[in-house]
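Take a look at the structure set out below.
Chain naming follows the written order as A, B and C, and within any one chain the residues start at number 1.
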């Protein structure tokens, strides 16, 4: 079965759909957690600490976090590998372009590939910035995410990178969610509108949710 | 007068295969008497099938299922594109699901009568018997026939009959049946039992020691001419309606396979029996490349009319009810708009000749759905005929829901074809002809929805049963190789012909000759034929042929994909076949079915048969290009359906 | 009408191709697009030039032979086959670009003619119901609910022209493959081979070098028979179901 799935374009698409939905679920939680920043540094830092103690005493300190991290890494790698292989295949399948050019497919569809690449690069930067602190502007303080976030969004490039990434994310989800539903066979003529609306809503909510943080920092609502 | 018309009459030709006895038992008897080939030996026999339409596709698949090695050819890029795909209306079967009095005998009777008593009873009865099995077979293959809400199959009525026995898949019955056969064939290709050769056109038949042993075919991509050997050759290459240039046939449908077989000794029967379909979209101008049929099923609900007055140019909706002439309902009150095709076509021609035709050039009559829409509602009409209406609108730019359709007759089907016996074997042993390529079942006129029935009956059931007998009785013969003197000669003739076409380098295109001979045929050998007209055509055809070989221009070479060369080579054969059609029409000085001789009509203008003289199938023997052929008669005996003047009034 | 045509000319599969420009005059709006090309070809032949090669046969929109990309659209601006496209869809003086189907699984044979035999091989992989002649039960033995019969028909309408592949930015054959799978898998007659059919056909489709689906929807827009995009979704569902069942065996 695993070979059947991975060897087939449909199987790889399934892998992309499932991994995409896992990441999407994570992002919803992540976005909701981010919004805690509006309740002040204590609550935000406390929430970050709670994430590390989640599942105790059944789980050891930070285990829940690491389990999530591992699952996410697997999802990202599977998603990206499948995407890369499928894209290579797609480009090979249509080597000659039409002389008469036409732009058609919606913006979200056309941006899936480079949108995905932007998101991949962003994830690397985002981890180096706010998880390991390697690329963090100003001194990174472990255990003080509130201050770290304000540091990042106090630089112009931090804001630009983040905003571009979040917009790419919105477009990616808009086509990706609906697409995943089709890949998993959940779409139908009667359900199509509902799925499209859900996709648009998810894209909008996540974009607004994530964007609200840098905007709040820039405007001084959070400081 | 041309010497070609001075034909001589030879020995009668006799079908020696149909058993005697009660007609309902003949098919069983024949199958029992036929020798069988041991299943273990079938693999060693190769059968060539030319064509992948309903007849060829189903035959290839079934022969392969039985264990034969099949090599199959089509000129199209895929076996799925054969022109059977364009059949719209449906397929007849004597299932009597409607409980409306249908039976095998009634289908048999209707077909013999519809064919104006010029078909062989044994064959037609077998066809009616097999019709029920075809539906079973197709349903099992997944053909999505129209169904009722209860999940059972729906049927509709068709021209020339008073029962509802036509099974259909919206307006695409031919497509669905063909895809069924194509899928069965595909299964056999995948299994390695059928060697499929698409884009390969048969150009000649190889006959060695009096038996069909293979074919010469050209790979249309590379231009390579090759020989293929087999223990039997089956021609399922369709009809020859494209002689007329404008017809409802596909652009590349052609007569080369049957004509070349005829030249190699197979008798050609009833070539003048062509069917002019009453409901086609009228032509719009000189540029017209082909005609499009609108399914006859439209006549179920549409009403045909023309204005009462000559030269009435008012738009249809401005002509009040009492100034319209619903001429079919008037002349044939009991069948009304559902009279057989030949009658409907001629009636349309008559009203147009009277100057009451509508549309550009007055070459059209109205097919009006206003009443049907009022009665059933637009939705119901849409469900039944939606795709046909859409097609009409695309072609004419007129909305048939708002204004009546305009229709006019066009060449559609050829009842004539290679003469075959009850086993579907031609007069060349080992050469079989099935589907439209043979002449057997429809007599002088084919009823609607019977072509699909015959094609599939021949391919799925008849040929696979009868070909065994031939193969069992004749020792297997291997590949003789290209070196055999006969093969060398056939190959050389083919190559010479193509080379000559390329070498003439004249100033006229293949299409221009095709159009010229087509127009000539439509004028003199079309819906109404006369002695003098046919003689005129017979005089003209050799002149066109002579001009063709002087002025034809074919660009390019033979060693490449060359559509002009393909076309020119087909025209060569049309220019000979046309001559035989005219001669056959001239010699048959009676009217019957689709063959209407103006000299032979009743006082009220109906076709008048002359049974004492013409109750036979005319099978012609080739003697040389432009030289008089020999006529062999097959006398037709009617034991079960006694010839009467057809009446649909 | 007077038109300027820019047509892809390529002498053979291994030759280089390029767009060539031709002027045609005296075109009637009632002509079909192919009749317009016939007019051009008649002129080319008389001028001693090689006429433009293109596939066509029934000219009634059902055989699926015709296959031109016109101004960047598979089958041109109307939702129909090329043969049913009429010149009234263009304006006098227009420049029209005519190109062949483009996909690596559909190599060009000459000019506008491509090799679509990959489609046949997909069908050969499982696009049939195993029902040898003579083995069929009585047609009314199994009733098929009308909605299922209609669903099957809607997908069986596919004419195998390949416009879906030509229009797809990835050269994918998903719509074609899904149409046949949906046609056969919904019918009770097709049930015994339901799983193998979809697994084998999809595998063949991949092996032929078609791309994957990114649900851009171009295929369904180009399809002259209106096979809907959701057809692909249904196939995905069938495939997942089959892959799960195959995993259990």
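FYI, a residue touches a chain if its C-beta (ideal position, glycine included) is under 8 Å from a C-beta of that chain, and two chains touch if they have at least 3 such contacts.
Owing to the predicted nature of the structure, the values given are computational and were not obtained by experimental measurement.
The touch graph of the protein chains shown is a line. With centres computed from CA atoms alone, C is the chain lying nearest the middle of all the protein shown.
As a whole-number value, the distance joining the C-alpha centres of subunit B and subunit C reads 27 Å.
One inter-chain figure worth recording: subunit A and subunit C are separated by 37 Å, centre to centre, where each centre is the mean of the chain's CA atoms.
With centres defined as mean CA coordinates, subunit B is found 64 Å away from subunit A. Of all residues in subunit A, those touching subunit C in their complex are 1, 4-5, 7-14, 86, 89-102, 104-105, 109-110, 112, 175, 178-179, 181-189, 192. Remark: subunit B residues 58, 61-62, 65, 76-83, 85-86, 95, 97, 133, 135-142, 144-153, 169-170, 172, 175-176, 179, 182-184, 186-187, 189-190, 196, 198, 221, 248, 250-253, 284-285, 287-290, 292-293, 391, 394-395, 397, 460-461, 464, 507, 509, 511-512, 553-556, 560-561, 563-564 touch subunit C in the complex. The touching residues of subunit C, when paired with subunit B in their complex, are 11-12, 28, 30-32, 34-35, 38-39, 42, 44-46, 48-51, 53, 55-65, 78, 80, 84, 86, 88, 109-110, 113, 115-117, 119-120, 123-125, 127-140, 142-146, 149, 152-153, 156-157, 159-160, 183-184, 187, 189-190. On the subunit C side of its complex with subunit A, the touching residues are 6, 8, 19, 69, 71-73, 97, 99, 102-105, 168-172, 199, 202-203, 205-206, 209-218, 221, 228, 230, 232-234, 236-241, 243-244, 246-247.
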